[in-house]
Amino acid sequence: MRKRNNKASQKPRRRATADDDRKITALNLKPEELTPEMTSYFAKCEEKLGFIPNVLKAYVFDMAKLSAFVAMYNDLMLAPSGLSKLEREMIAVAVSAHNRCYYCLVAHGAAVRQLSGDPPLGELMVMNYRAARLSPRERAMLDFAVKLTAEPWLVEEDDRARLRGAGFSDRDIWDIAAVAGFFNMTNRIASATDMRPNSVYHGQAR
Amino acid sequence: MRKRNNKASQKPRRRATADDDRKITALNLKPEELTPEMTSYFAKCEEKLGFIPNVLKAYVFDMAKLSAFVAMYNDLMLAPSGLSKLEREMIAVAVSAHNRCYYCLVAHGAAVRQLSGDPPLGELMVMNYRAARLSPRERAMLDFAVKLTAEPWLVEEDDRARLRGAGFSDRDIWDIAAVAGFFNMTNRIASATDMRPNSVYHGQAR
Amino acid sequence: MRKRNNKASQKPRRRATADDDRKITALNLKPEELTPEMTSYFAKCEEKLGFIPNVLKAYVFDMAKLSAFVAMYNDLMLAPSGLSKLEREMIAVAVSAHNRCYYCLVAHGAAVRQLSGDPPLGELMVMNYRAARLSPRERAMLDFAVKLTAEPWLVEEDDRARLRGAGFSDRDIWDIAAVAGFFNMTNRIASATDMRPNSVYHGQAR
Amino acid sequence: MRKRNNKASQKPRRRATADDDRKITALNLKPEELTPEMTSYFAKCEEKLGFIPNVLKAYVFDMAKLSAFVAMYNDLMLAPSGLSKLEREMIAVAVSAHNRCYYCLVAHGAAVRQLSGDPPLGELMVMNYRAARLSPRERAMLDFAVKLTAEPWLVEEDDRARLRGAGFSDRDIWDIAAVAGFFNMTNRIASATDMRPNSVYHGQAR
Amino acid sequence: MRKRNNKASQKPRRRATADDDRKITALNLKPEELTPEMTSYFAKCEEKLGFIPNVLKAYVFDMAKLSAFVAMYNDLMLAPSGLSKLEREMIAVAVSAHNRCYYCLVAHGAAVRQLSGDPPLGELMVMNYRAARLSPRERAMLDFAVKLTAEPWLVEEDDRARLRGAGFSDRDIWDIAAVAGFFNMTNRIASATDMRPNSVYHGQAR
Amino acid sequence: MRKRNNKASQKPRRRATADDDRKITALNLKPEELTPEMTSYFAKCEEKLGFIPNVLKAYVFDMAKLSAFVAMYNDLMLAPSGLSKLEREMIAVAVSAHNRCYYCLVAHGAAVRQLSGDPPLGELMVMNYRAARLSPRERAMLDFAVKLTAEPWLVEEDDRARLRGAGFSDRDIWDIAAVAGFFNMTNRIASATDMRPNSVYHGQAR
């Protein structure tokens, strides 16, 4: 049996894996000067979140790419949708769990914990969404998103019919597909570049 | 043995699979009015391509999403890069072949045929890029893109080192990852919505 | 946006991938003299097709093997059967697509285009047969053939029952299995030897 | 601990799984009259083996198919080749083990036991050829055959080079590919039709 | 056609693969002295089986590990349970077949042959349990055990419901899971150490 | 952008996923009376950990099974070994991550956080051990354990040689295999029974 938790803090730290001490990605890319629009966006991040998410810093080598990423991200995750913000984050994490993407699991796992006020739910999305107690709507949504991630070539009308049967509109189906698709993109950019999440996420909403 | 090609045209057509006769996706989404920016962009497509790619029409239900998609697509595929336009299209098709995405294989297979002036190269990207006679640079690029597609969780420093060994800069590595990532997104949106390509692609550059 | 098709012909050719300029397989095998039977068969190919399919040339190192291959091929693909010739070619391509066999996809993709008079149908068989608009009979046939290709150990009575439910006789089931099995053989011989298709297939029935 | 073997014979038989009591396949196919050539071939089987292998009986519904099968089988497995008969049977079993084909594992597992005089070798081919003590030549041959079975799209020049490095000629490479390909065909026909092996194989060469 | 079985014994032996001539595992581990409890257990094995199973000899380097293994094994496989001993051995072999574990397939394949008095049943469990004529109860049990082996993350309430529908109690479900789990452990220890079975198993209950 | 963490606590809780409010497994199994040995062991757990791990409670329906499990667990994870306790827990989590086992990831993820004093290390083991900054020894150990989990049939002498090259003794190799094997067992028992972890783990050592 392991010792109680409260003694753990007395142990010497094994090694520094804190992600903040390190480069954000494995690539050496020279930063561009932030555009006024992006300067203001980064300031808003600092104000609302208390930090700049590392994925944004990873993109500062090219303002056109940064702007396009921010525009798509904010539209997908924050614009009005038949999917709640929590539902969109649940998709993000279930997709990233299939793809075993460290960056996205850390950052969006924290988001699920925060938005739900239910820390184990964040863990369940990371570990195996099938073990979570989900509503039929949530389960249909995540089953679709994960099948689309794992075997997109098998997605057919029956799959869309199951979503409609769970109460989703055609517009909702687009949004589920678009969020699942987006994280299939970012998971791969993060894995390809060894992108490291801000350490602050680890302790959020535990 | 089958009859010669020139008799085939006398056969009655088996059925109409022509994609233009049908809805562009399986979803019923009400079009929004095009913004002036998008009106002008669509006009430019008509002028340069002779048609509006169906993926753009699929997005007209929401101008914010259409704009974000166009901005990201044009930056990735057309902006200056260490990768040629043909190389980016080869990535697009090799990724889409792994994901067996009908829309993207038809549209971007045509692009590879056009940009290369080498129709069998387009077929090879669709069927099995490993059977193509590729330069070491091209092969390294596609091996990275397809591994990132199939098993992103296995991509590590050794994989980046192989790209550097084949002459790619860190900026090029980002671009390979970003193009591969992007088609992992669009393949899934297309499969989720049963998006159908413009028929015109089939005959292009054969 | 890419330039219009009609300008592509002005581009310098990137490289010669034309399959006819090259050896038919990666193996150096000394041709035997054709038997009279095979001489006559080759003459019939020239007459009806306008060329000798490369797979036949690949076998000329051994007349016993060539004869056995031709006998089995012609029986399976051309003899009377409850399956139409087009149906048999659709199985050939769907199986070869699972196995990503360049030779068979090029040669039999052309056959599907020719026999159907529907070029996109050939592309659909190559790219993802599930995206095609198929009759329930065709779909059941291809689902069986592809499951038999991908996971033969899972094929059971339920699978045969589905074929019978779609109108196939027991004799038809044998023929579906035999055609699917045959292309699982030839796909592997072609891949093992890097067999290259005749260039002429690429332009057929587009 | 289980009781000793010699008491097992006193136990009542649990159920009749003896394959001879049953139909040879799950398909109802009306037998044709044997051609004189096949009548004589079947007589030779009876004389040399003591029985007619069920696969041959499964084909008696169509003499053209039976003849083509027999011609190809006998050429591949019995004709002169750089591969010994045992080596060809080892490929047959290793391929059939990947495909988990009951018929072929029973029939060709017995052949490996007989031809090698080494019963455990037959078991090893059935269970996991990687656990067998093989010569480098045998291992290279089986690695090629099983890769070609599992992922034919990945077989490339490096794989052929490994065979050449293990002493195989180009003609031998063809034969390895052809035998592996053939069992990928027959495994699927056997699985598709639920073909049952002759019971006599089970006790052979134990 | 191969020669009759009775001539095989005249062939010179190809090589000695007899497992008894060799080390039991690939690891050099110094044996400890048997405890009195284990001395007596080994004596009982000799008396009842006629030999000491190699897995027990593999553990003699550490009496604590040997005792824990024996306690768990005997409880699972021999203690009273709603599952018969044969059913537990069938699970053992079907799981080991998925994992292609030579040791466990040889040892427990023999057990299925003995306990059932039906040698082909043992072969079917090794080769493909889906090809066996099983009762609905047996089939449900093995489907659960093999799904739990292949994709444990997909096992859910529906799977347990199917077992209950086939007549299994909750306690039986535990036992199925525990036996399947146990062989997922021992398969891996055997594969990791290249554990070799006693030769005597090969000829048992044929 | 999401709101700051400190506001999250004001949100109403979405739903109760707290694992303590629920049955420990999906099975209804009647508890037996604890033996004196197990009464004392449970008391020791309460004293040292502050709670009884749910896996132990799941076993109270059968004292023989509980004792055997505890004996094997304590020997593997706590007895002297060339592997540190942290290394054994890292194996436990990397294996459980492959198998996506909620119970084991929660319980042993907490153990890695505690034993290492490095919370992100626990997350890395859960999410993708390949993204962690590991010593060559740790990486070799986890690569072996995860290969043994995913494809045990491919583990061979080369894999053992890599462990020896990283400084592991033959006894250490046994211990790596035994710990990896053990969690392949418990992952499956937990998944088969829907075992739920104690809630207290979620907040430990964050």
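Chains: A, B, C, D, E and F, in written order; residue numbering restarts at 1 for each.
The definition used in the following text is that a residue touches a chain if its C-beta (ideal position, glycine included) is under 8 Å from a C-beta of that chain, and two chains touch if they have at least 3 such contacts.
Since this is a predicted model, take the numbers as computed values, not measurements.
Path length between subunit A and subunit F in the chain contact graph, taken as the least number of steps between touching chains: 1.
The chains touching subunit A as well as subunit B are C, F. The set of chains touching subunit A and also touching subunit E is given as C, F.
In this assembly, the C-alpha centroid of subunit C lies 44 Å from the C-alpha centroid of subunit E.
Between the Cα centres of subunit E and subunit F there is a gap of 26 Å.
Those residues of subunit C in touch with two or more other chains are numbered 100-101, 128, 153, 156, 194. The full set of touching chain pairs reads A-B, A-C, A-E, A-F, B-C, B-D, B-F, C-D, C-E, D-E, D-F, E-F. Contacts from subunit E toward subunit F in the complex involve residues 26-29, 61, 64-65, 67-69, 71-72, 75, 79, 99-101, 144, 148-149, 152-153, 155-157, 159-160, 170-171, 173-174, 176-178, 180-182, 184-189, 191-194. Within the complex, the subunit F residues that touch subunit B are 128, 130. Per the touch definition, subunit A reaches subunit C in the complex via residues 153-154, 156.
Chain contact summary for the complex, subunit B toward subunit C: residues 1-5, 8-9, 11-15, 17-19, 44-45, 48-50, 78, 85-86, 97, 100-102, 105-106, 111, 113-121, 123-124, 126-128, 131-133, 194, 199, 202-206.
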